[in-house]
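There's a structure below that I have some questions on.
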Amino acid sequence: GSGEESGSEGTGGEASKDIKLGATAGPYSDMLSKAIVPGLEEKGYTVELVEFSDYIQPNVALDGGDIDANLFQHTIYLENFEKENGMDLSALITVPTAPMGLYSNQYDSLEAIEDGATIAIPNDPVNGARALLMLQDEGLVELDPEAEVLQASERDVITNEKNLEFQPIEAGQLPRAVDGSDLAAVPGNFAIAAEMDLLDALALENMPDQYRNVVAVNAENEGSELAKDLVEIVESAEFEAVIDEEFEGFGKPEWMAE
Amino acid sequence: MGVEWGRIIELWPEIQTAFFQTLTMIGISLAVALIVGLPLGILLFITDRGLFLENRPVNAVIGFIVNIVRSIPFIILLVALIPLTKLITGTTIGPIAASVSLSVAAIPFFARIVENSLREIDKGVIEAAIAVGATPWMIIKDVLLPEAKASIIQGVTLTIISLVAYSAMAGVVGGGGIGDLAIRFGYYRYDNTIMIVTVVILIVLVQLIQQAGDYTAKAIDKR
Amino acid sequence: MGVEWGRIIELWPEIQTAFFQTLTMIGISLAVALIVGLPLGILLFITDRGLFLENRPVNAVIGFIVNIVRSIPFIILLVALIPLTKLITGTTIGPIAASVSLSVAAIPFFARIVENSLREIDKGVIEAAIAVGATPWMIIKDVLLPEAKASIIQGVTLTIISLVAYSAMAGVVGGGGIGDLAIRFGYYRYDNTIMIVTVVILIVLVQLIQQAGDYTAKAIDKR
Amino acid sequence: MIQIEKLTKTYTTKHGTVTGVDNVSLEIGKGEIFGIVGYSGAGKSSLIRCINLLERPTSGSVTVDGNDLTKLNSEKLRKARLKIGMIFQHFYLISQKTVYDNIAFALRAAGTPSKNLKGRVEELLEMVGLSDKRDVYPAQLSGGQKQRVGIARALANNPAVLLCDEATSALDPNTTLSILRLLKDINLKLNITIVLITHEMNVVKEICDRMAVMQGGRVIEEGQVYDIFADPQKELTKEFISSVVSFNVPEHLLSEFTGTVVKVLFKGGVAGEGVISDMLQNYPVKGNFLHGAIEYIQERPLGVFIMELKGTSSDVMDALKYMESRSAIVEVIPNGR
Amino acid sequence: MIQIEKLTKTYTTKHGTVTGVDNVSLEIGKGEIFGIVGYSGAGKSSLIRCINLLERPTSGSVTVDGNDLTKLNSEKLRKARLKIGMIFQHFYLISQKTVYDNIAFALRAAGTPSKNLKGRVEELLEMVGLSDKRDVYPAQLSGGQKQRVGIARALANNPAVLLCDEATSALDPNTTLSILRLLKDINLKLNITIVLITHEMNVVKEICDRMAVMQGGRVIEEGQVYDIFADPQKELTKEFISSVVSFNVPEHLLSEFTGTVVKVLFKGGVAGEGVISDMLQNYPVKGNFLHGAIEYIQERPLGVFIMELKGTSSDVMDALKYMESRSAIVEVIPNGR
């Protein structure tokens, strides 16, 4: 009952077709503006892009109705966020996502990594956990199986054969940290922004779909006109064309690869 | 670190928007800081030991709150104030929302500045007003404020400049503004052109504010 | 916003580390600010119009640089200084690296404070020293510094407190510290316990610094 | 008009307590000009500031115009202060307001309706001779002019009492004189009681009726100005008086005289009656003035002469007796012979 | 010792230029105590501050001990200043250093080897009578004591010239006297040239040899102190002198006299010779002293009396002529009869 009521409110809001989309500064904001906004405008929307320089506020704003949709996070992050904050948001569709990579100016292969090397990892929990999982996948560390996948931190490392020394820093700073430390786990979006070549990575994250970014809306609006339009645009051929042209190296989700 | 002129022209609308966002944030939070911080600063001063509305408990409580707010890192304040921001502005993003946190940070800052400006007033002038039989309100209005005017204006300048610096952090809540533009493009997107342009704009802005403040303070002072 | 005591005990080592990181960052950058900012502040003062080493161009140039550094948002400064940081510390991350940017931000801040403290000195005392035939160096060492001592110590307090606030942003380059802990755990991980604990630590720290500063300034003043 | 009873004021400082005023009782009558002198730190300011309760006495009471001020609440005290004007050494004008507004400020404090304001301010400016400085800021005034504004402000609400804390100490002698005349004038015209602190005896001599000498927080001597000048009791008082009426003949000159050196003091109207002239004409002694001063204190002459008298010792003795008989006070000064 | 030639000092302010000193030429001899008086703003401080170039003259030259200071580079000027001591109205001691260190500071400026420092400081403290205050901070000293430290500091490097800008204006009369005596003493013992600014004629009377009166940046009168006191030329000078030697008889008293009121002025040694006494004994007139003062200026008496003379008009005329013949200056004062 109540869902439908607020749904109709949502529809009322759409009547004006003035919408706000949120993203963090970087490629996903660009993806919105280059690959999605043109489609929306074609459908008669007036779109305002809000760029955030942090990972919390885009969801807070989405929940509060300050923005209508966002694109910056993957499914696991979204779900965890919903749980932590008691919010009801929903992912509409996954989009191509740049994988996190392990970069180094010191070593040219994983094998060359020396004992006690320093490694810069993101200091926000989600990206931090991602980095650790990537290291685990590459056999560099082992994480406590009891640790929550999404919250895993340096303290959950139970074996660390090369005695890697973790240095959590702000994610946006990581590309610059490749110089400052032996290794750096750089999220794909920042690596691309910093014009790093994804192919230079010692390792790229193995990226299941739940680690790919999604277009998210408030759960109330899951069935709204806007939601439908967003999905339609992302699924369109124009979208994929823009991705191929301007977002090289972004790993496409399963549905797109099909 | 080359500057590409084409890039500047391309992003000019963005820079303009950011500039107005900065002005909006500073305008609002400055207004609030003045309206709330000024009385608070006056209160801090006149309730202090040996002054005409001496009231130790009130003084201690206000002083304590002011110190606490000043001790909290701005980003924590920003987050802690989200419910209040929502309540007041109905939204938690954008320059208007960011102005709430900026205001809260600026109030105690400005209050202390006002307090310090008032301390510079010759105590004798205040005593002369008391001796004349003036009411506390008259003393505030006709002695404290006029006498500290020039110094308070310098304090406003300082507050504005601090707000410019703080507003750079408003990007966390999508506040935008020149500082945020510098961070988003310069820091997150490695766009040196925009970084240099925005930093230059900031420097010019700060210098202009400083000079305007100095000039006004000198011009209105009758000494 | 409940506080879970167990959580505090669990994270105590982390809090301790953060605490020492804060101390490291503040210690280093304060030392640099004192060593560089003090002479700079003195230079700003003595080269000003009507003073004993009046030199308008030097004064204008230093003043301009100081103003520019003060206009740049801290995070941009942090980025702009990466090459310098690398050069000096060999790394761009960690508390030592963060101290470079903190120092650069603190130097002009402290220099202005020193300048203002020196301005409070009775011009007559300086003139008396000139009349006595003292060298500029003697005037600095035996008149300016002793006379402004108490006020400069208050300025050091203010600088430390500002550094505490700035160091919360050091998380960007993995500087760590209490402020960063507050942001990482309180903000990113929704750990209210840690957020409250760290904020309380910050508040206590700031209050202690303030009181120590007030006490010292009073104790050494011979007036 | 003002009764001060057993007033004590102690200050607590970080080095312990300091006594500013120590058990002082004084009574100052209506229309009197009362001077208080004493060296720096004697407690003069503390005492006068207790009269309008700028400083709250530690113990004792201050009654002005029948009201015990120490018993009033803050609003009543404020009202009482409207009737006690005060002027300060450093004027303490509001630097950011014009002369007009500085004076109007005092009137507004008394709730003067704004239609009466302008007229009254102009009347006051007229009184202190500053009508042409109406719209000028204090920074553009000379010290004496600033003090006149201070006086106008203090008189704005027709006070019964005017307190002056070193009102002329920052001014040059000429300006001092003009301010003192203005005060005297006001005292005569408006019958205002004036309490005046100074460390210059000249000021007291010029306009005070009665005076008190303070030292270490206490009043050590008190009385009519004329009496105290003529016959000071305490060492400190003598020191003060000697700063205006200086009776010292340089030592080595003194030792060169061959006759009897005497100091002759005339009080009251006597000086005018030509005692010395008569003496010289009646006795075969030769008089040689070494030093002399006739001061008019409250318009009564007080004369002091130091003379060398030459003649036979019996003639000199007779001459001295004659002068004493005409109520001069005669004192022989040993001159080393 | 000091030659000031065509010295002009103008200040540029936001309201235009102000002339502090206007084309002043002065010559001050070795060992002289030279007083400069004038009202506030007359340019006294500007002038004295040009003597040690604390203020650089706009034009003109200042030669001290044969050196034209305006021609020296900054290091030479600093050296020259070692020989020009200066003391200030507000003392300007380093508040954070002990008395010892304040004085040692001056010695160090002259590069005194540290082994001689202690002895010299103690000698200076002895000279100004502050040996017991060696390790005390300025805040614990009285005004007079602070000024003594200022003097010790100024004398530290055996200067040839001592400049005093209102050195006693912040002090009470008693302390002023002791400081003046100390200065006189130093002048005699060390043969130091002293230039002394004041607005109190008492100070000039007490110790100066020569003096200048300034007004509007110019020197309007200059000469021996005695001569100026005895016979001031300019209105302003008279005004200043009248503040120490006051000759005014209250108006209404004057009008009550029936006889001829005369003012008699004796210069130099004459006052000591009993002119009035002789006159009274030689002429059948009755003398009535209305006002009198004999001041000793540089130990020479200067006497002024106002007398009422009663007698036949021819007797009075004769008496006046007699006094004039004995080189007194006699002036009849109209008294409204």
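Letters are used for the chains, namely A, B, C, D and E, taken in the order the chains are written, and counting of residues starts over at 1 for each.
As a convention for this text, a residue touches a chain if its C-beta (ideal position, glycine included) is under 8 Å from a C-beta of that chain, and two chains touch if they have at least 3 such contacts.
According to UniProt, the chain labels map to these proteins: B, C = ABC transporter permease; D, E = Methionine ABC transporter ATP-binding protein.
These figures come from a predicted structure and were not determined experimentally.
Shared contact partners of chain A and chain E, listed by label: C. Averaging Cα atoms per chain gives one point for each, and the point farthest from that of chain E is the centre of A. As a whole-number value, the distance joining the C-alpha centres of chain B and chain E reads 55 Å. Between the CA-based centres of chain B and chain C the separation comes to 20 Å, rounded to the whole angstrom. Averaged C-alpha coordinates put the centre of chain C at 53 Å from the centre of chain E.
Centre-to-centre, using mean CA coordinates, chain A is 36 Å away from chain B. Counting partners per residue, chain E has no residue that reaches two or more other chains. In chain C, the residues touching two or more other chains are 79, 187. Contact with two or more other chains is made by residues 56, 172-173 of chain A.
Of all possible chain pairings, those that touch are A-B, A-C, B-C, B-D, C-E, D-E. Listing the residues of chain D that touch chain E in their complex gives 39-40, 142-143, 172-174, 177, 199-201, 239-240, 243, 249-250, 253, 271-274, 276-278, 280-281, 286-294, 296, 299, 301, 303, 305.
Only residues 67-68, 70-76, 79, 161, 164-165, 168-169, 179, 182-183, 186-187, 195, 199, 202-203, 205-207, 210 of chain B touch chain C when the two sit together in their complex. Put simply, chain A touches chain C in their complex at residues 55-56, 84-85, 120, 123-125, 151, 167-170, 172-173, 176-177, 179-181. Interface of chain B with chain D (complex): residues 122, 124-125, 127-135, 138, 142-143, 146-147, 149, 221-223.
Contact residues on chain D toward chain B in their complex (touch as defined above): 52, 54, 78-82, 84-86, 88, 90, 92-97, 101, 105-106, 108-110, 137-139, 150, 153-154, 156-157, 163.
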